[in-house]
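One chain, chain A, links the two complexes that follow: it is found with chain B in the first and with chain C in the second.
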Partner chain A sequence: MGNTLQVVIIISLTLMVIGLAMVLAMGGFGFTVPPSSVRSLATIFLNTTFNLDTKYRYVSAMSPEAVTAIVWDYRGLDTLFETSVMFIAIVGALAISRGASEKLLKGFSKTRGGMSLIVKTITRIIIVMIASVGLSITLHGHLTPGGGFQGGATIAVAPMLLIITFSIYLFSKMITVSKAVTLRSIGLIGIALSAFIVLIIAILHGDLAYIFQNQPKLYSHYGLPSYAEVMVLGGTLLLFNTFETLAVAFGFTALFILFILPEEVVKDIIKGEE
Partner chain B sequence: MGRLYRAIPVSLLVFIVYIVFTGAITPYDIITGVLVSIVIGIITANIVISNPYKPFDPRRWAHTIVYTLYYFFVAEVKAHIDVIKRILSPKMPINPGIVKIPIRVNSDYAITAVANSITNTPGTVVVEIDENGKYFYVHWIDVKRIDEEGAYRSISYIFEKYASKVFD
Partner chain C sequence: MINEILIIIGEVLIAIGAICDLIAAIGMNRFPNFFVRLHALTVGAIGGAFVPLIGVTLLSLGAEFLGVYRFFMAGASIVSAILLLFLAPVGSHAIARAAHRSKAAIVYPKVIDRLEEDRERGVIT
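Showing the complex of A and B:
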């Protein structure tokens, strides 16, 4: 049994190396898959995501990053539902273990939990850098690859590290599940408001606009600024990314706390109230 | 008020990381970088730093440079040559063991710097730190002294001398 497994592993690793080498060699010899010429669909998106030309102005998302333009502008409603999927997952986790995280605080003692002093000290510096990198990914979501979910997931590594190195008891002193869920809800409210913000602006001017509108359209000349002096702001995309980061980072934080609850602390709660 | 003072060095670190990771210094990067560094700095100030004046002491920075140069060009080179000799020698002259050495620096950062200095030099690895932060347990490829004072002199004395000037 052990030998068969080893043979399988060796064969699959060999195949993987050959496959990767072939791709690299083909690229080196000038065969590229897919072909390097831009296809028509890509041409359409490249023309419409960031284009000041009057012909395209009313269909342009004014964001140099095509993926973010598609995700939060062209199919913004889809992305909203994607966000709500994770929210529903968190609601489920909260329903199963309600009240459990508050119980952690009672188990808190001053005894030094978690890992050794060296790991703790390094973690204290690292989390700051992780948060900085995460926010950079978020705030450049409309300029370079990245965006709200990616930035939020990066930031969520920081609470994960804190939980592992400082122990869940100490971490529950810093932030509880209810606080994390509150912050996540603020992020979701922000996303909802960003979807309506252009409509609200238009109504204040006594006119109408589309939901999830970002830039001016042919029949509705309202939109958030895509330029400020020399900066590309990306209109609502920046707002969406920022609030999505808040929602995702604290959503993951709440989930991490719930995942890592020690069984002996929460056994009674998870068993249910028959 | 103390929290705001402590936030300043943290914010500087955040800003540097932000700009380096972004890889650009357009006005947009600088404005968002300043906002981000203020927010993160204030939130994490109490976790990261206890004394806000230490990071702005030029003598500490001078000692940091001396320590870095000494560490990478003297201590590391000596340790590497020593281990290479042991590897290449046909008799394999190793005498491994774990020794207990006392810690004589105070701050968390100093202890961490000493521990990482010991671990990063070939031949010695910090395997455990005492619960109260008073002793290291160090695995040593060639145990010369097993008493605390002797092991301290041969392994961590020189690192602690610099680390206490930088961090304590």
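Showing the complex of A and C:
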């Protein structure tokens, strides 16, 4: 195949994509993308995510960020099970390589390996920046795009960098697999408690409320505060985001430690004794 | 007056960045071995990304019509520029060191390789 033919194919593919996009955007096939019926759904969500009006007060999630409001308020139970899917995956990885990291790392008393001094120094500076960016994504999750999972995944880059530059032997002096899994479980317990917190408050007052309730509803007038002076708190959304960050960050840390172990050593340990 | 000066300096820096990117691309294609190509890559990272980001900072500070948002743009670009200044040399250094230690890249048209001589004498590991 000659060079000219390849150039012709590339140019014609590009022209086809641009032409199709133009035709779809102008409504050439008799419909527009997105269809106008979707826009009324968007209007409903925009009306009910953050609305101080008395008409919408009992259906509003009181969070300016629509995605976080939908994920943790409109369909909170769904998101809880999404989190548990990842937890089950981590449980599987732990069950396959159980005890491997402890046995392997016990033999090395002195710290060794790692990259050169230049890389180590810059990594020390960078991990502080990564952690602060992740925390800001989390704590602004109910105001700006972002949220618990995204913030946690951002923070999880820091232990990955530490493992690569300082070697797994030095990193395991700070955080072991069991410690990471413990912190992850604390995060999951926090998510579960945040789901029931409005119900617990209502029961303490001698009344009832819904599970996963955030703001006061028509038949249960309990809810977490959505305002502190001028700051928008978003009720339970802030709690959910914080605990989700803890769970995701340390879950990924445990997985990274397991992935980085040398394969031939781990195989021997997993095989066990006859 | 000061805005126009800022805009002109910013545009000049962005033009320098574009030229550096072109030089880096030519170098990546034409240089003989891995380590010299890495040098061309660093020209692209610092000259082709750090310098134009500083230019974008000055340009957006001078652009009066953007309103308050020009400070957001300036802050974001200067932070990215400083991060690139930290990270790009470290990345090239780590790649070069790993390639030299593992002998994955052969230093073929070479004048002198002091690091290899030191490694053979056992001065450094």
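As a convention for this text, the second predicted complex is superposed on the first by the 227 of 274 C-alpha atoms of A that agree within 3 Å, B and C clash if a C-alpha of one lies under 4 Å from a C-alpha of the other, contacts with A are read in each partner's own complex, and residues count from 1 in each chain.
Here is the rule we use: contacts are C-beta pairs under 8 Å (C-beta built on N, C-alpha and C of every residue); 3 or more make two chains touch, one makes a residue touch a chain.
Just so it is clear, the model here is predicted, and its values are computed rather than measured.
Superposition of the two structures on chain A shows chain C fitting alongside chain B with no clash. By the touch criterion defined above, A:5 reaches neither chain B nor chain C.
Judged by the touch definition given at the top, the superposed model places A:126 against chain C, while chain B stays out of reach.
Applying the stated contact rule after C-alpha superposition, one finds that A:218 touches neither chain B nor chain C. By the document's definition of touching, of the two partners only chain B reaches A:231; chain C does not.
Legend: residue contacts after superposition of the two complexes on their common chain; A:118 is shown touching both chain B and chain C.
Look at A:204: by the touch rule set out above, it reaches neither chain B nor chain C. When the shared chain is aligned, chain B comes close enough to touch A:139, but chain C does not.
When the two complexes are superposed, the chain touching more residues of chain A, out of chain B and chain C, is B.
In this overlay, which is a superposition and not a single complex, chain B and chain C have their closest Cα atoms 5 Å apart.
The contact surfaces that chain B and chain C form on chain A in the two complexes overlap at residues 116, 118, 122, 125, 129.
Those residues of chain A that touch chain B in the shared complex are 112, 116-118, 120-122, 124-125, 127-129, 131-133, 135-136, 139-140, 143, 229-233.
By the touch criterion stated above, chain A contacts chain C in their complex at residues 115-116, 118-119, 122, 125-126, 129.
The touching residues of chain B, counted against chain A in their complex, run 10, 13-14, 17-18, 21-22, 26-29, 31-33, 36-37, 40, 44, 47-48, 108-109, 111-112, 115-116, 126, 128-129, 131, 133.
The touching residues of chain C, when paired with chain A in their complex, are 83, 86-87, 90, 93-94, 97.
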